[in-house]
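Following this message is one structure expressed as structure tokens.
Labels A, B, C and D are assigned to the chains in the order they are written; within every chain, residues are numbered from 1.
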Amino acid sequence: MSEKLKIAVIGGGSSYTPELIEGIILNHAQLPVSEIWLVDIPAGQHKLEIVGSLAKRMVEKSGLPMTVHLTMNRREALEGAVFVSTQMRVGLLEARIWDETIPLKYGVIGQETTGPGGMMKALRTIPVLLDICKDMEELCPEAWLLNFTNPAGMVTEAINKYSKIKSIGLCNSPTGVYKWLSALFEVPVERIYAEFVGLNHLNWVTKVSVDGDSKLEKLFDLKEGYSAKNVPQSEWNADFIHGLGAIPSYYLKYFYLTQEMLQDQMASSKKEGTRAEVVKRLEDELFELYKDPNLAEKPKQLEKRGGTYYSEAAVNLMKSLYNDSRDIQTLNVANGHTLDFLPHDACIEVNCVVTKQGPIPLPVSYVPVSVKGLIHAVKTYEQLAIEAAVHGDRSLALQALGHHPLVPSVNIADRMLKEMLEQNKAFLPQFAEA
Amino acid sequence: MSEKLKIAVIGGGSSYTPELIEGIILNHAQLPVSEIWLVDIPAGQHKLEIVGSLAKRMVEKSGLPMTVHLTMNRREALEGAVFVSTQMRVGLLEARIWDETIPLKYGVIGQETTGPGGMMKALRTIPVLLDICKDMEELCPEAWLLNFTNPAGMVTEAINKYSKIKSIGLCNSPTGVYKWLSALFEVPVERIYAEFVGLNHLNWVTKVSVDGDSKLEKLFDLKEGYSAKNVPQSEWNADFIHGLGAIPSYYLKYFYLTQEMLQDQMASSKKEGTRAEVVKRLEDELFELYKDPNLAEKPKQLEKRGGTYYSEAAVNLMKSLYNDSRDIQTLNVANGHTLDFLPHDACIEVNCVVTKQGPIPLPVSYVPVSVKGLIHAVKTYEQLAIEAAVHGDRSLALQALGHHPLVPSVNIADRMLKEMLEQNKAFLPQFAEA
Amino acid sequence: MSEKLKIAVIGGGSSYTPELIEGIILNHAQLPVSEIWLVDIPAGQHKLEIVGSLAKRMVEKSGLPMTVHLTMNRREALEGAVFVSTQMRVGLLEARIWDETIPLKYGVIGQETTGPGGMMKALRTIPVLLDICKDMEELCPEAWLLNFTNPAGMVTEAINKYSKIKSIGLCNSPTGVYKWLSALFEVPVERIYAEFVGLNHLNWVTKVSVDGDSKLEKLFDLKEGYSAKNVPQSEWNADFIHGLGAIPSYYLKYFYLTQEMLQDQMASSKKEGTRAEVVKRLEDELFELYKDPNLAEKPKQLEKRGGTYYSEAAVNLMKSLYNDSRDIQTLNVANGHTLDFLPHDACIEVNCVVTKQGPIPLPVSYVPVSVKGLIHAVKTYEQLAIEAAVHGDRSLALQALGHHPLVPSVNIADRMLKEMLEQNKAFLPQFAEA
Amino acid sequence: MSEKLKIAVIGGGSSYTPELIEGIILNHAQLPVSEIWLVDIPAGQHKLEIVGSLAKRMVEKSGLPMTVHLTMNRREALEGAVFVSTQMRVGLLEARIWDETIPLKYGVIGQETTGPGGMMKALRTIPVLLDICKDMEELCPEAWLLNFTNPAGMVTEAINKYSKIKSIGLCNSPTGVYKWLSALFEVPVERIYAEFVGLNHLNWVTKVSVDGDSKLEKLFDLKEGYSAKNVPQSEWNADFIHGLGAIPSYYLKYFYLTQEMLQDQMASSKKEGTRAEVVKRLEDELFELYKDPNLAEKPKQLEKRGGTYYSEAAVNLMKSLYNDSRDIQTLNVANGHTLDFLPHDACIEVNCVVTKQGPIPLPVSYVPVSVKGLIHAVKTYEQLAIEAAVHGDRSLALQALGHHPLVPSVNIADRMLKEMLEQNKAFLPQFAEA
């Protein structure tokens, strides 16, 4: 066990950081962090200073033997780190606006984690993450990379394929599902077992038990399922959910209710702007709060941001890796034999036992016949998009888009891709070279 | 070898029958058919008599020792048959009109072999075919069932799963591809090798060689691929085809150019009616010709009908099964290990060696990454629809539709299904019972 | 949670029972057993009374609210049980003597859990266990069957294939390995992680870590590995173990050192009789001790018996199932996708997470190339022997023996089988019928 | 099609060459060979001259436009070749004597294609073949390598893994099985279909039909199966064969009748020397005959040699590759998905359709449960031995031997390996380096 427990947070200037700091403080007994390094790029320096100062105040107030460091020098932050967490956004919220608006012009869902928007985010993000991994191979080769950067599944798969760094993809939504079930059944989370099947942002809960008794049928009858700030409500078709025999993630509304979601997006983009624009306003408000020199705790308002439970997921994972806890968490890892119709190196989101040597994916009890094709269709797109991102290959990007279930024509894919590549040019050096 | 070589043709009153008769006459040396039994239902009696009389005149003219029998008694036709061929249409062309028009009302492709229309055809057809198989198990348990009835892949899979009868699904389109390549490269078909990957009406040619030399690149550069009467032309995106690295079947236009095809369908259904209506006019003309007592050969006009090469495919298959020829044909058979991401009992369309004991599917050299997801998505729909058809299960039918790549919303699927089930009620006794 | 927590112990008259009682007493806080039913057959009544009286004295001394019941009526014992444990021996120690001596006459290893002897034990035992399961399906369909009866892997596989009862196979040797490692590295068992690969009595430890650090290389250099009373010592070849890259179970000496073990067996059977005879003497001594009305605890001498840790394994498993503990235990369960070269329903011995809904096998990090063939060869024998046992099929029994790696000729197999079937006739009614 | 059809024969001085020349002459119409290059090493020059002169006389007598070339310069022979055939023996018959005698000293089967002897042959041969392939990659990269050199399966697998050359392993025994069946059922080979499952020298015939009718049951009742000169007769156990449900290759006697075969070997090695010594005497006699300047045809006596049908297998394969015949032949090729329990790159012996682009393995109808373990056990040994051969790794060689089903102890394996490595030192440069 190394004496120094150093954590590096890439994209440390993010509005999420106070939540992470809070989590680290609350769990110090089991995860005795000694140094937190918040690193950001020059464009994010201003925000880093604001949020970093808040972080320092929080730590100081806690009285714990832990230091907070702010830096623009990524290598300094990585050196000797035990955990590296990433929460940055290449191209900032502006690029997210492009991801959400350009597809709409072509009559296609605009979303930053799947479809055309998700692919553009992957093209921008994957090379940057691989670059971080290259530094890590040199400066902290044994560190764990906890990746929250969306599209988290694709980014994790890319790292597993093109780097030696041990990486785990994380999403707040499984934690959210557990919280929702806990409130619903009025039992602590520990007495619930939920089985997740699928990919990041494309999963189904196929089993829910409380003290070993199945509760799935009860959930089917609920009018309102678990949802999230960043995905607008649209009621599920009850007959369909019963027939499905599983609880779909709220992200699946993009696939099961494509037409309704598209109309929602078009309407709300006129009224209140895209989700990116809403978030931008929220973030501005948050940073105003963070600036308050008397604030030394995570403000309540952060919970509106959409990313609740991110830090809880992160801290739980670090704790279990550090302590060899062997508890079960839902993570994004290499498939192995879990889903027998996908390649072994495909990244999936699945229950894992977290040991000191890393997460071990648990076999799934069953996969509903209904969902195999959709999982495979989206994984096909993901595999193609990852290769496109790494090699800067437009032809592969067209294959990825042309085979995405949300894209209604190869010709539309082609025209849309042209505009998106042009718009994102500054963040896609690998395509310029090619 | 049984002395009597009896063939039973279910749906013998079809306008295709003269082509089949011609094929049998031309190949008598290698396939010494002694009896042809054309069987139809009372509603088809009139057509059976017209086309049956023509068949008799054709055989008489040939001078071969072969008899033609017309009957409404299916069991009489099946008894002792060596080959049974099916070419019937449950609900006749009228039901096809429903398959092609109802979906259009919901903004969805209307097509009789895939999507909502294809599913309805499967729901109508599968129980009838299983009923024929039950008779065969009693009356000719060793006979081969050559199934042309669309959706041929789904029907064949249903028979393999729910009957002991040896069944092979057949489509004319691989034969058409070979003819096209033969004309293009100016070499006989025997010198060409084409590898097919996928499902019935959802396949890709991933390998084309002439005398062992690859010709695939040349085909990518062609403006016009192989197409068919029943699928309107819509040009492929050249960049996309190059990136794909395979020649998609013209049926894939429904998936790759969904939006364009939908617009085509809407426009042409206004102008000239659906394809079903066009076919109905063609058939009426054909039957007028067939009535001519001086006609003793297949009339040229039949070639416009859309099903060219059907009889060639059928006769070639019977010849190879009968003679243990061990030649390679593209057929619809159980997957086995061929596509490792699909179940062993999934019906796929693939090159097979045809032995006396049946076709053996050949392993495919490779499957382009791009197409795996789409194949799996459509097979998922097919599996669900087959179970819906066999068990008369509306919930499974909704799962099938809701997961079909051409259906843009589960809610639309639900409303459309309601109308289609109502419209098809007379041909769906299994749903009434449930 | 049922109020009454009833445990039925089939073969309750076994000399192991006091250990089990002790385990139940010590763990009462987490496993609040209310009734223990010890059941045996008439031939075992005398032993049941002796050991049952001791059990009652032990419980009384503990002061816990728990009753001990002795019965010859299996159905009474099973009714409403939550856990059923089996530890009986069909044919008693006398049949074990046959298993150990007849093969030796043919120059073949004589052992009661593998090879010809193991097969005979399986033929005698499997039908009796299936009969118990039939009763359970009626009287306690939701109970867990914890099976210790050897050959535990084969028996568990047979139950999984031919019964609806949830069954888990248990062996004391993984517990023993953990104890050994704990003593060796001087750390508590909780800080050790060992990965087991293989079948019951045919496994390898491929990974050992303490606090996440690998210790495997250190173990290779040890002169003495973990061994057991019932398998005589024979030193491993150090070069071979290094090349293997895994720690073989001591049972693997029968396969890796066949010739040496055979000579050992022949020599010691002359000197001190077979292991069965040694055990018989030990048991007689134990029962003498048990009779002492002043004895109210497990006597020390039981530890010589060879089955140490059995009760620990049993109580740990019951505790985890009862409390949904989700800890990792090494158990015999259906393979699923764990070993990709074996059928899904093959029983393997592997690390599992134990939930309230049963054990979930963990994927293995890797399987050394060297051992795959041997695992598959022994599993082939097991599959054939299970079918032979269930159907009373001599031809399958010959296939099983003729394909067992320890049998040097099909002709020898045939002659040996003849003698063994004859000798065991009284315990093989299924073969008489056939 | 290249105008010049050049064949290079490595080990051209072999006594088999006249048979190959005869085959080429007889099939000239379909395989218009223009040049035959016989190449050998200096140690074989004398034999090359004798057999080469006979070959020239044979070709001259045929009057065909074909030249025969003798050379010690392998590169000259390979340049521009279309087919390369290998039939050499590294270490000559003397090394075979070691393979057959050293194991016997340790009480282990001595055989040149499996067990310890087979492994030594693999260790000597694989590096030489890989060296030939390196030359081919430079001088005739598109040529087909037809490999007859034993152990043919292992050598072919090594080439597929470590070279880009297209290689096919060939054995005469499937041809022999067809000839035997043809004589037995009195029908031409074309009307028979036999399905082979397994590895080179470890296969089973699981299906035999004549005109589509199964004949397997009839074969089980035969007293005498198909056998070969180089494997002494030892009668099969009829009950065992019935239970097996397949016809084992005569090489399987080493595995199913190990003890009897070992005794045979020991007895006959005393009486008439090893098989190698018998062959040596036969070869000396043959070369005496070959010297006769009036001899211009293959002498009858060659048939005693043990390798009958080798040239027939070779010429048939070349013809089919050359003409894209798409007929079915039993060959040693990469497994792919054929046997689902073996790796994709494992070399197996299986029916293939031979196209111009190479052989395509046919899926097998079924694999008897009984044989899977043995196939996997021997393949495990093969995989380990191939790596040992390529890397000169003694530790892997010990793993290979220690896991071979014919080796009764790891300690014996260790001692035997020591002696064999020492004896073969001159032919194992890769082990000296290590």
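Assume a residue touches a chain if its C-beta (ideal position, glycine included) is under 8 Å from a C-beta of that chain, and two chains touch if they have at least 3 such contacts.
What you are looking at is a predicted structure, and each value in this text was computed from that prediction instead of being measured.
Asker: Taking contact as defined at the start, I'd like the list of chains shared as neighbours by subunit A and subunit B.
Answerer: none
Asker: Which chain is most remote from subunit C in terms of Cα centres?
Answerer: Measuring from the centre of subunit C, the most distant chain centre belongs to B.
Asker: Using the average of all C-alpha atoms in each chain as its centre, how far is it in Å between subunit A and subunit D?
Answerer: 56
Asker: Report the inter-centroid distance (CA atoms only) between subunit A and subunit C in whole Å.
Answerer: The separation of the two C-alpha centroids amounts to 46 Å.
Asker: For subunit B, give me the residues that contact two or more of the other chains.
Answerer: Residues of subunit B never touch two or more of the other chains.
Asker: Determine which chains touch and list them pairwise.
Answerer: A-B, A-C, B-D, C-D
Asker: In their complex, what parts of subunit D are in touch with subunit C?
Answerer: Per the touch definition, subunit D meets subunit C at residues 107, 237, 239-240, 242-244, 256-260, 341-342, 369-374, 376-381, 383-384, 395-396, 398-399, 402-403, 405, 408-414.
Asker: Touching subunit A in the complex: which residues of subunit C?
Answerer: So the residues of subunit C touching subunit A come out as 1, 191, 193, 209, 211-212, 324, 326-328, 336-338, 340, 353, 355-357, 360-363.
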